[in-house]
Every structure is written in C-alpha cells, then in structure tokens.
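The two complexes that follow have subunit A in common; it is paired with subunit B in the first and with subunit C in the second.
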Partner chain A sequence: MPHEFTFSGILIPGLLLQLLLVLFGYAGVELMLARIGVFRWVWHPALFRIGLIVAVFSLVGLYVRF
Partner chain B sequence: MSQRLPKRAEFLQALREEGAQTLFALRTACAVLLALGLAFRLDLDRPGSAAVTVLIVSLSQAGMVLEKSFYRILGTVAGGTAAVVFVMLFAQQRLLFTVAVAVWVGLAVVGSSWYRSFRAYAFILAGYTVCLVGFPAVETPALAYHVAIDRVAVVSLGILCGGLLSVLVFPRSTVSSLIGLVRGQVCRFLTLCQQVLTTEMTSGALREAHMSFAGDVVNLELLRGGSHFEAPDSRLRSGRLRRLNADFMQAVTSLHSYHRVRRAMPYADDQSLLLLDSMAAELDRALRTVTGGIPASAQEAVPVASRLRELLSNWDVRVEATLASLSQTLAVSSNEALLAAMFQLRQFGDEVLAYMESYAALSAAQDAVEREIPPTASQVDPLLASLAGLRAFSAVLAVGVFWIASDWTYGFYAIMLAAVGSSLFAASPDPVKAAVGMSKGFALGFLAAVAFYGLVLPRMDGFLLLAVSMLPFLLIGTRWMARQETAGIGTGFGLMLLTGQNLTNTMTFDMTQLFNQSLATFIGLGAAILAYAVFMPPQSRWVQRRVRHSLIREVGRALSDEDEHARARFESRVRDRLAQILTQPMQGEAIRNRWVDEGLTVLAAGLALLQLRDENDPVIDAGFLSQVAAAMAFRADFAVGDILPAVKARRLQLAQALQGADVSAARRFSALLALELALLDWDALATPDLTLTAVEGAIHAS
Partner chain C sequence: MWRQGLRVGVTMVTVVIAAVLAYRLWNHYMYGPWTRDARIQADVISVSPDVSGLVTAVDVGDNRLVKKGEVLFVVDQSRYRIALQEALASLDAARADYTQKRAEARRREHLGHHVISDESLQAAKASALVAQQRVRSAEAVVAAARLNLARTEIQAPVDGYVTNLQVHVGDYASAGKAMMAVVDRHSFRVEGYFEETKIQGLRKGDRVSVRLMSGGPRLEGRIEGIARAITNGQDRGLLADVNPSFDWIRLAQRIPVRIRLVRVPAGVTLAAGMTCTVSVDVPKKGVLAAG
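The block that comes next holds the complex of A and B.
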C-alpha cells in the first residue's frame, strides 16, 4: 500500500481507505458476534469493541498489501 | 418517624442525580481538554473546533453520543464536499456564492424536517458546514480543500475523544434506560387497564395517560436508535421493540374505545352492566401474575400472556352462551349495547394479548419469527417544511448581502451564526426561546472568554498549564449542560469560551479580534432569532390550524389506504401528529386538552370507519363511509351534526337485523356504535358553546 495516492490532484492517505474498509468489515463481524451471543459474556462491551477495532485495523494496516 | 423515611430517600435520590451530573461535567471537560491537546499535537488549524465538537456531541447517555457523532461526521463530510464545490464554482462572485450557500442551507433545513431522530442533525450539519468551510475559504480559494480537510479532521478528532470517554469512563447506558422505559410503560399501562376495567375512570385522567404515553412512544424510538450504536446485540431486539411500540399504541386505543362504550352504558339495565363488569374483571385478573401483581419483567410476562391466550380462546363461546340465555330476560336495546361493549372488550383483549406477547418475546436473546409491521414514518407537512427552509434561506441571504454591501471583515462569522441558528432550532417547538437561551450562554461565555483571554492565558506556558487553568472555566459550562433546563446556556457558554480566543500553537493576543468576532456572532444569531420571530413562528394561529387539520384529514387518507397494514399505519400517523401538537407551546391547559381530545376522537372514528370498511356491510357502503370522513374533514370548526342522524338510522337498521347471536352482524353493530359515539364526542368538541362551558367548568374546578 502506498503511503498516499492522488485523486485528481488531491493527496489521500492510504491508511484512511484501509480504516474505512476495516470499519465496514467490522460492522459485519460485530453483528455476527452479537448473533452468537458473545457480548453476553464480555465484561465491558465498549472496551471489547474498541480493542477489537484497534486489533483488526492494526493487522490490516501492517500486513495487508494491495 | 415515618415522615423522615421518604425525605431520606428523596435526599439520596437528589444526591445520586447530583453525582451523575457532576460526573458528566467532569468527563465532558476532560474530553474537551483531551481533544484540544491532541489537536495541538497534530498541528490542526483550529484546535478549538475539535473541543467544540466534543461539547456538542456530549449527551448524558453513551449510545446517544455515538449516534449523534455518527450523524455529525456524515453531515460534515457532505457539507465539506459541497463547500469545496461551491468555492470551485462561485469563488469569483461573492453574491453568487452567498446565494448558493443560502439555498443549500435552506434545502438542508427542509430535508431535516423529514426526520425526528438524529438523522435530522446530519442534514443540519451538512447545511451549516458549508458556511464554516466556505466563507473562510472564499477569500483564498486555493485553500478551500485544505480548510475542508481540516474541518473533517477536527470533527473526527472531537467525536473520537467525546465518544471514547463517554463509553469508557463510567458510561450511562442507553440500553438500561431503554429497559427501564419499557418496564415503566408496561407497568403504567396495566395500572391504567385495571382502573378502566374494574372501576370508573374519568376521561380527564385517561387523557393525561394518553399524553404521557405519546411521549413514551417517541422516547422509545429515540432510545432504540441510540442503543444500536451502543450495544451490538440490541440490534437483534430492534424489530421486536418496534412491534412492541406498535402493539402498545393499538392496545391503548382499543382500551379507550372500550371506555367510551362503557361510559355510554349507564342507560343499559343493571343486569347487563353486572355481566359486562364481571367479564372485564376476569380479563383484568388474567393480566396479572399469579400473586396479583404487575409483571415486572419480560420474563414474568410469559405466563401472563399464555393465561390471557387461554382465556380469550373460549371467550366467544361463553359470550354466545350467556347472550342466548339472557336475550329472553333483557330488554332489546340494552341487549344491543351489551353486545357492542362485549365486542369492544374482546377486541381490547386481543390487542393487549398481542402487546403482552411482544413484551414476553423480549426476554429471549434471539429473534423468533417476526410478525411484520409497517415502518413508522414521521408525518411532515411539505408546506411547513419548505417555509422553514425559506426562513433559513432568508436569514443567511440577508446577513450575506449585508456582509457584501458593507465589506465587513468579520461578516462571515455573522453568516455562519445565522446559518447555525436558523437551522439548529428549526425543529424546536419554541425556536425563539431556544435561540435566546443559547445567546444568553454566548453572553456569559463572552465574559468568561474575555477574562480568560485577557488575564489568565498570557501567563500560561505550554498545554498543561493551559489545561489546568481552563478547567474551572470549562466546568462552569459543562455543569450547566448536565441539567436539562440549562443545557442551552451551558452549550452557548462553552462554545463562546472555546472559539472566542482563537487558540493556536503560536498564540497571538488581539483583544480587538475577540470583540469583533463576538459582535459578529451576536449579530448573526440575532438575525436568526429575528427570522424565527417574524417569519411564520410555530406558535402562529395559522400554523397550529394547519397541523390540526392535517390530523383530521388522516381519516380520509386511511379510508383510501387498501393495504393490510392500513390500521397500524393510520394509528402511527395520527399519533405522530398528536405528539407534534403536544410539543407545541400552547395558550393554556384548556386548549391543549381540547386538541388532545380531538386527536383521540379522530383516532376512534377513523378506526371504526376502517373496521366498517373491512366488514363490507350492504347497509354501510363505501360511499357512506367517505361521506362521514368528508364531514369530519370538511370543517374542524363546524359540528358534524348533519351526518349523525344518518349514522343513527343505519345503526337502528342494523339493530333490527340483529337476531340471536350472529357474530359478524354484532361486530358491525359494535363498530357502528363506536363510530356514533366518537361523532357525538366530536360534535360536543366542535360546538363552541359546549366547549366554552367545558372550559368554564375546568376553570371553576381548579
């Protein structure tokens, strides 16, 4: 993934696109987890969700190459 | 001794509330400082805007913060994009640019009136972000994209800080408020059922209950939206909650219809009254837990629902048997009235069963197969919405033209505030009051900003000292924000405090700028207030009449609705309009009560008409039904007396055809009687003398 790419002369950070991608993917994962009932066993759901987003975003940011 | 206990409980309650509010104030102030610090560190152009965003999205409940944040960022992105386009197209011509922006703001206000939730907020944001980005960039068009990106960045940073702190630090859960609301609603409704079914209840008390239920229905929808963002598993209950709300409305309405028929019964003889009341009492007993209490949770509602279902399954057989045995002994007229009342009771039983089943279904984590219900759409008057848009357009354009004509350096601050003010309060029931509340906050915030900027800030070096010295000032604002009554003042205070001093990494101190900027802010907000006060204020007689007439016209609209969900849709439309009426500032209790009575009568008449339409009786054809609807719609202010004899003649005709226990004929008769009773009430409301005496009665009684 290049650091930045241009869109009609405007510089856009590559990380931003990855973040958007992760957020969309995450929404699906979250609904699945809720259906399985994972959130009933989590002590602090908000903290859990934030942790999950950070983990997934880091993974995608570090290892996914386009 | 016994007197002291409640006082102690009250004191503890007050203490708990105070604690929650102080916690909110502290948390919000910390989030503001966090956003400010990060914005300084990231070297953003306007760190103050990140802090302002935190203030604006800070609501007491975590889910609401996330929902508002989500729509804020959507609106900001849309508005930023539009601003860049406008600057690209019209930067050479200030007048063209101003007109384009004013049109955009006006359209945003029109769009926002279609939503009652935070979705409206996305439209408002899209509207005024154009001003925030476009006007600073119009002098130097090359910077437009940079300004837009900076705006999106500070807003994202602000919602990130505000959202994180509100969900992580002692969050106040939307889900638990939602559960509390649903439980409270069930409890109050079942208490009301008990009062109606077992004892006599006054129409006034029933009206009060209806009004509080109208608020509940709206609040449930709001909390449901917020809980989606807070807890992912609440999404699984979303469909059931919507169904619960729809079933609740239907049950309340048919309870009211039963009350209406029961109230007309004193003319029947004692024997039939006793029979009816014993059946009502039986229904009431079935609505309770084994110990006789009200089900306190969804879990406890499961056995109640199953017992109710059992009672209703053999209800018809029993009714027919008792009627057959009674018909010899009773007079013909009271027999008919009894039949009608029994059918209303039966219908109420069915609907309260549906409500209890929906409530019981909430106890399961997963969805069972869902009964489909139509989506509840908020009812909008396109003309009133366009007028609100036109008002925002005029306010922005007027200030913009003044800016161009006078070549005022700080003019664009005034335009921004005119746009913010005329769109933010457009949906408020009393926009002038809301805007004046905010400008009071601005005035106080201005004083604080002057003190801080002139005396404190020059002595501070580095962010840590800035944060520590600003905290007490911030806390004043956030503490006000924590209380519902002073929230507007608090927000205004915080906004002025944070934007007034143009915080940047390398500070320049210029008191003249602070004064000029604040003056422009006041002028802009003043223009918005003026527009609200002059241009079709929501309190004006014309607007109120229009809202009322559109409610009455729903009857005719429902009759032409051939869909299977016609009833649910009619009900949700009328209730939405009624809730709109209730939020309007009224001239006195008596007028408000009259409007509510009118709405409830419209509801009852419309439902009876819908039922008659579905029965397809040869005596009551479609032409007659639309005649009744037209008579109601024709004149809200004239009596419908001329249609009443026709209704009565048909009822007598049906009564003659009533032989023995023909169930479907009895059902039609019951619906027709309900219609007649509703029209009688309508007549009483529309006859000025009668309402005058009712008002006088209310005055004497108080």
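The block that comes next holds the complex of A and C.
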C-alpha cells in the first residue's frame, strides 16, 4: 500500500495522491491520443476514456510504491 | 463493417481490462492482509513501594534507561532502622532469657527425685522451651525488619525506560500505591487491528513487515497470535443484548493480532502507542500482497 503523505500536518492516504496524479497525467495522454487519432478506432469515446483512466489508476494503485 | 467491429472491440477490451484491474484494487484494499491501524505496545510496569514513608531520594531521571535491580527511589529509612534496632534488642532479651531458663532446667534435671518434684522439673523444662520459641519469634521479627529496611530502596523490576516521572523528594509514598512507570524495553511488540474481513488471510507465524507512521526503514515481525474474542460493545452480563438497529450496512470490526518484533533497524526509536502499518509479506493464493 502506498504510504501516507503529510499535508500541513494532516496525513492523507497515498491513494488519493495517486488518483490526482493519474487524472492530471491523463489530461496529457488525452491530447496525445487525440493527435495520433486513436479515437477513430474507438466505438464509444467516453466509455473508452473511463476504462483507460480506471485501468491506469488501478495499475498505479496496485503496483506503484513510494 | 470490420472497422465498426474493431472499434467496438477496442472499447470493450479496454472496459474489461479496467474492470479486472479495478476488482483487484478493491480486493487489495478490502481483503488484502494489511492494516494501517496498528500500534506499538510494550509492558508498562507500575512500580509501587512495599513500605510507606517520605521519599528521601529519587535516583533516576525521566525517560532514563534503567537496568533491572537499579535503585529508582528511596523511602525514608529512619523509621525502619529504628524498628530494626528494636527488633534486635528484643532478640537479645529473648536470648538472655532463654540462656537463663535453659541453665535452670538443666540444673534441676541433675537434682534427684527426692529433692525436687516432677511437676517443678516439668515446669522448668517447659519454660525453657517457651523461651527458645520466643527467640525464634524474635529472630523472625528481626528478619521482617531487615526486609522492610531493604524494601525502602525501590528497585527497577525490569530493564526499561522510566516514563512520565512524577515522583519528587518529599512526596509521601504509600505501600502498594503506584508511583512510577517503567516501560519494559524487551517487551516492545505490535498490536495490529485487522478488519474481520482480512483475518482469514492471516496465520500464526506469518512474516509481516511493519512501517511506522513516520516512515523510515521497515521493521520485521511475526504473527504471534490472533485474538479469539472481542466484546460486541453491549455485553450485559450473561444475557444477549442484540442490537435492534442492524439492517443493511455492516461495518467490519477489528480483531487484535499480536505481532512479535523480530528485527528493529538500528536508530529506530519506538514508543508504545505509535501508529504503524502492518502487512503480511507472503501473499496468500488469490490475494494480492501489499508492499
């Protein structure tokens, strides 16, 4: 499990930090995917995005340790 | 047509992968054998004097490491010295009395039956015996006085740390009343409060790693035992008192699991009460291990 991080004296679960990182990181990925035209190969862009975010977040939550 | 199929396929594969990973993350947080609710614990011995009196000396400082048998504080010895003197005096008196009675009995024994009556001889022998027992009783009183005097020096019962020192010279120490707390330095352990949903993944002897809230290097431990009973919070004697407000939502209760610390890295300061995270190292089949 990720370690807590301290924000002005309050210990916050690492998972929250990971979620924020993934969301911000995904903004960049989204731009990149749009540029190379991945969405042409996608049936339901919104569903695809959600799936991608959940998958990346779960991977980070499961395997990234700090 | 094949293009539309590929588009549906890509999307669905992404969704399935996301679902599987999300399920694993859920399992990890809900059933993985780890908890963030664990505390460092240690035996705290409340040191109380065995004799009453004014405190005349405090030989230790707060938070100091003491060795077993080291004097912690001293109760006024004057009264116990006087008691010892008195006991010694009584012993001498009893011995003198016994010497005299014994001599008397022996003398009478050597006199013939025509000089002294049987009754008188018997009485002399009996009083010698009584005097002898008085000596033994006086000896016991002396031993008790010596013990009391020795107990005025209160010693550390274990190797450990003096904590929250509140004893000062001039305080009155009552026999049996706790005056000082000593934390046994060899008794540090971890009490992990695992949700009941995670208990089945734990076995006695499992290796665990312990991480303090402050971070730093990990401590290693082994599960020593799992508590087999917790109170349900509303135990009323022997009668069941079932909570009526129990419908849909259930909260997992916590079961204490005792963990023996096997290795504590040098330089790590432990204090009983610290919060830490405990996770079982060896993954159980079907349950993802926590790092």
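The criterion applied here is as follows: the second predicted complex is superposed on the first by the 60 of 66 C-alpha atoms of A that agree within 3 Å, B and C clash if a C-alpha of one lies under 4 Å from a C-alpha of the other, contacts with A are read in each partner's own complex, and residues count from 1 in each chain.
Here, a residue touches a chain if its C-beta (ideal position, glycine included) is under 8 Å from a C-beta of that chain, and two chains touch if they have at least 3 such contacts.
On a predicted model such as this, the values are computed, not experimentally measured, just so you know.
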Consider subunit A as the common anchor and indicate whether subunit B and subunit C clash or fit when overlaid. fit
Would you check which partner chain A:52 touches, where first means subunit B only, second means subunit C only, and both and neither mean what they say? second
Take the Cα centre of subunit A as the vertex and report the angle out to the centres of subunit B and subunit C, nearest 10 degrees. 130
Partner chain(s) touched by A:33 [first = subunit B, second = subunit C, both, neither]: first
Hey, is it subunit B or subunit C that touches more of subunit A? C
Check the residue A:10 against both partner chains and state whether it touches subunit B (first), subunit C (second), both, or neither. first
Rounded to whole Å, what minimum CA distance do you find between subunit B and subunit C in the overlaid structures? 7
Let me check the overlay on chain A: which residues of subunit A are in contact with subunit B and also with subunit C? 47, 50
Residues of subunit A defined as touching subunit C within the complex: 1, 3-4, 11, 15, 41-44, 47-48, 50-55, 57-59, 61-62, 65
Mind listing the subunit A positions that touch subunit B in their complex? 10, 30-31, 33-35, 37, 39-40, 45-47, 49-50
Within the complex, subunit A is touched by subunit C residues 4, 6-8, 10-12, 14-15, 17-19, 21-22, 24-25, 28-29, 32, 34, 36, 211, 213, 215, 277, 279, 288, 290-291
Write out the stretch or stretches of subunit B touching subunit A in their complex. 62, 145, 164, 167-168, 171, 230-233, 235-236, 365-366
